[in-house]
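Structures given as structure tokens follow.
One chain, subunit A, links the two complexes that follow: it is found with subunit B in the first and with subunit C in the second.
And now, the complex of A and B:
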């Protein structure tokens, strides 16, 4: 039993890390641009696809494949910002319009990938082998996901706290008016944040695809969990997204010990409902000024 | 330094500022006086590029028309906004750094801590947890971090104790001596006429009076309407 628990802890942690990274991108974009990017899951999916193609057709080593995921994610996010956000955001009711434009973009991306690559799952090798800790066996790919995830989270924390661009991002999230007053180039910071979230999604896609396999629906599945994470964690809260993302991964894994997978989903939505009823701002949310 | 001509600002049907012409000479403090809704903040926002304006705004030889706010900051304009608007969840020092242009920022921060010792003592304190007066000082210091030529202060004395108001007056005089031009928007006409060389009186977006502060302070109509005498 203890072994199973440890086993599921590692599996859940790796899965939770992917939720955390995706939710972090969503919540940063929400905090800075005040929009919900519906297409974020498809950026993850297309990043994973880029990784699969780089590995399959170019025979690129896995570290290059990760880089391809990042670049694809950034490029796609930049295009989305250009097509679906830039012109729309400053209009009256821009934020809700963006919800629709990004929703449209997500459908276009999904259908395009299904049309060109079909629904059959594709797979690639990541980091080969597995490690044993007593009775617990974990694939090296999962350990790698956890390690890279922790490294990336620490990096993001460092950038947000210590760098000019990070301070400007936090300032803009805190008050768009004051950010303009102090001379921050608000449009530039918005695009930077959006593209950074895209990089994160693309990287996560490339990290997870050796574990989950590639299918065009992976974007849908992860974005739904990421939304739950963001709402429970508190819209705009980075800490909430990370903690709740990992917690959700662990919870799913533990629940899977006792019950079939579908019950895990039901449980998660029950949690979402309870959070919305008891703490509408989320666990880490604060009233915004 | 600042030349504003035929400034007009409207929000939908509301004409907040109508055909206002004024200027702020070098190393001088000029006050905009008026009661609630007179249009003072709108003028400052128009100059800052935060409200769309008609007419012409020039800083020295630079035409600010069509520039974005961050470009106006680079051109040498800074604003300490009404209500302070400090970054509540960032530290005092971070608030300053985020307002800084380019290099020498540590030196600038040190300079600000010299000018505002209270802020220096609270370098790491979260800005939102400071008193109103301290936040006001922070808002002014943050504006100074961009090394402006023209500093605009919107109601810097609102809600402050008389001692702190005196400190703001001292500060404005120090900044003027350093060569800054200051545009001060105030409901507190007594304070404004004390610190400014010249004042413009606004009423519902229009210029009602203008003149040297000393003359306005002696004017019976101004005394009655704005000084409560």
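And now, the complex of A and C:
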């Protein structure tokens, strides 16, 4: 039992890292732009697809593949910002309009990928081999995901705290009006944040695809998990996204010991409703409607 | 009259259409499908179009309706047609729960919560083999009606007949609710929940009603599809269904009843006629949705000239005021040691204030003194950090602002808030208190008609009193600024206040308009209303107020009769002294 527990801890940690990274992008965009990017999961999916194509057709080594994931994610996020957010955001009902435009974009992306690449799962190799810790066996890819994830999180923390652009992002998150008054280029910071979130999603896609396989539906399932994380963690809270993302990955892995996968997922999704009922602002949330 | 003719024509079509469809079973099936999609679209449209909350998970209600019916039929041998009527109930309950859980927090959460609920049910339906038979689904035999067949009709004919009749019934029901007080309240909430609260509309309860009704209609649609699909599988909960519902509502035209009907027909017919693009169908719809949302938010309906306007708005029938507005003065308002801190900032600190019955009391102070915050604290829009607010011997702290408005404590907003898309008359009518339910709005018995007429007369009388009755049929958003300000006062008056709290009603008014306002305030005082007035127009304040309180940086500075306050050296130094010139210009208009 203990072995199984340890085993699931490692698997859950790697999975949770992907939730954390996706939720972090979602929550950053919410914090700065006050919108929900419904197409965020599809950016993850297309990033993973880019990785698969780079590995399969170009035979690129895995480190290049990761770069492809990032670039694809950034490019796609930039396009989404262009098509779905620019000009629309400052309308009277901007945030609900953006919810609709990004929803439309997610349909387009998903259906286009299904149409061109079919529903069959695709797979690529990541970091080969596995490591043993006593009775616990972990693939090196999972360890790699955890390591890269921690590195990226530390990097983001550093950028947000120590760099000019990070300070501007935080300023904008606390008040768009005040940020504008002190001369921050609000438009630019919005795009930077959005594209950075895209880079995160694309990278995460490339990181996870050797573990989860590629199928067009992965975007849909990860966005729901990310929503659960973001709501429980508190919309707009970066710490909440990271902590709850990892916690959710672990929880999912443990619950799967006791019940079928679908029930485990359903149970975890239900946590979102419970959170809304008893602590609507989330565990890490500040007072914000 | 025109509406009754329309209803009659629709009912005739319900019978005639299936009769001529006798030998066209294929097309009859598409029509049924169009009806189901139209119902789904109407249901989504109710929350998206009339309440302004986007749903990504109406499949949850749709599927729950389908599974409820299927389980009733297969486990308890209930007749399909009976099950069809029960199916909306759990869906309505689910809608109420999802609405209650998410709408306290905000619209984005509603989108997320509906999506998640749909996903949960999808997973459970697929995995709970004992009950749902998993992915294989529940097979439902064709529910034949011997009675109908005795009349010489074949199944697909009376299936279509019943489907059409249900659609007519739903559209009729929605029409009556939407044109009644409940629907009007939804439109106010869509414009601004705060405005709704200030009018005395318990906005959370009304939003939950809306989602529950929407859930019921989606549940009905889900159950109605069963005879066509013959089996209920977990895919009824799929996000594709939710997406289709949303597409129908938005593409058809949100906030209209005809839009979803058009949208439903298009979505049922297009895949059949455009088989060659079937693969790209959803991509194309996605692109269309993106374009529509960006370029033509009012949807297909707006292409039809007579539906160019977003929703039909009510116009006044009454031509002259037949009743005189009458106000019951509120019990005295006592505010003691009121305080509010935001983080470390003390916005309001130890304010004491009293408004005796029938008194006009002014609250002045330099910009940022905390006047509006005081007003928000008294009216329940912000919760005080300390202190008490008593109305007579009733403590108001902690009550929702809609409850306060019902008790007669009514405020206006500094930023003028009116429902820009409704007529002036409808704006005022929306604020007139009512006890109607959705049911009474649908039935419209003699009592309802009488009460509705009384409300309309009251609304008209208020408009006449405020002096904007000539604009009664204009769209509120098209009014000049000054008239919009007067309209917002009219809206507040229509709630039958006892204590009216006006936040800078004269700001931005020109000389004539300020004069009109001053006259109105005088009339209000004569009619016995207590008024708490915030304004920078000191000439107005001095002439109209019985007493004036002065606050500075959140703390009380002085109070007393206008002449005393004007002579108070502290006031002159803190307030008048620094800006006398500006205020004089302001007062002179």
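By our rule, the second predicted complex is superposed on the first by the 287 of 289 C-alpha atoms of A that agree within 3 Å, B and C clash if a C-alpha of one lies under 4 Å from a C-alpha of the other, contacts with A are read in each partner's own complex, and residues count from 1 in each chain.
FYI, a residue touches a chain if its C-beta (ideal position, glycine included) is under 8 Å from a C-beta of that chain, and two chains touch if they have at least 3 such contacts.
Everything quoted here is computed from the prediction, not taken from an experiment.
Engineer: Taking the superposition as given, does A:277 touch the first partner, subunit B, the second, subunit C, both, or neither?
Structural biologist: A:277 sits against subunit C, while subunit B stays out of touch.
Engineer: Is A:185 touching the first partner subunit B, the second partner subunit C, both, or neither of them?
Structural biologist: In the superposition, A:185 touches subunit B alone.
Engineer: Have a look at where A:71 lands relative to subunit B and subunit C in the superposition and call it first, second, both or neither.
Structural biologist: It touches nothing on subunit B or subunit C.
Engineer: So, A:165: does it touch subunit B (first), subunit C (second), both, or neither?
Structural biologist: neither
Engineer: Report the partner of subunit A that touches more of its residues: subunit B or subunit C.
Structural biologist: The larger set of subunit A residues in touch belongs to C.
Engineer: Looking at A:176, would you say it contacts subunit B, subunit C, both, or neither? Reply first, second, both or neither.
Structural biologist: A:176: touches no partner chain.
Engineer: By the touch definition at the top of the document, which applies to A:83: first (subunit B), second (subunit C), both, or neither?
Structural biologist: After superposition on chain A, A:83 lies in contact with subunit C alone.
Engineer: Counting contacts the way the document defines them, which residues of subunit A are shared by the two interfaces, the one with subunit B and the one with subunit C?
Structural biologist: After superposing on chain A, subunit A residues 289 contact both subunit B and subunit C.
Engineer: Within their complex, state which residues of subunit C touch subunit A.
Structural biologist: Residues 52-54, 56, 98, 101-102, 104-109, 111-113, 115-117, 119-120, 123-124, 126-127, 239, 243, 246, 250, 279-280, 282-283, 285-287, 289-290, 293-294, 297 of subunit C touch subunit A in their complex.
Engineer: So in the complex, the part of subunit B that touches subunit A is made up of which residues?
Structural biologist: 48-50, 68-70, 72-74, 78-79, 81, 85-90, 94, 97-99, 101, 142-143, 145-146
Engineer: Subunit C touches which residues of subunit A in the complex?
Structural biologist: 36, 38, 83-84, 87-88, 93, 95-97, 99-101, 103-105, 107-108, 111-112, 115, 220, 224, 227-228, 231, 235, 260, 262-263, 265-266, 269-270, 272-273, 276-277, 280-281, 289
Engineer: How about subunit A: which of its residues touch subunit B in the complex?
Structural biologist: 164, 167-168, 170-171, 174-175, 177-178, 180-186, 289
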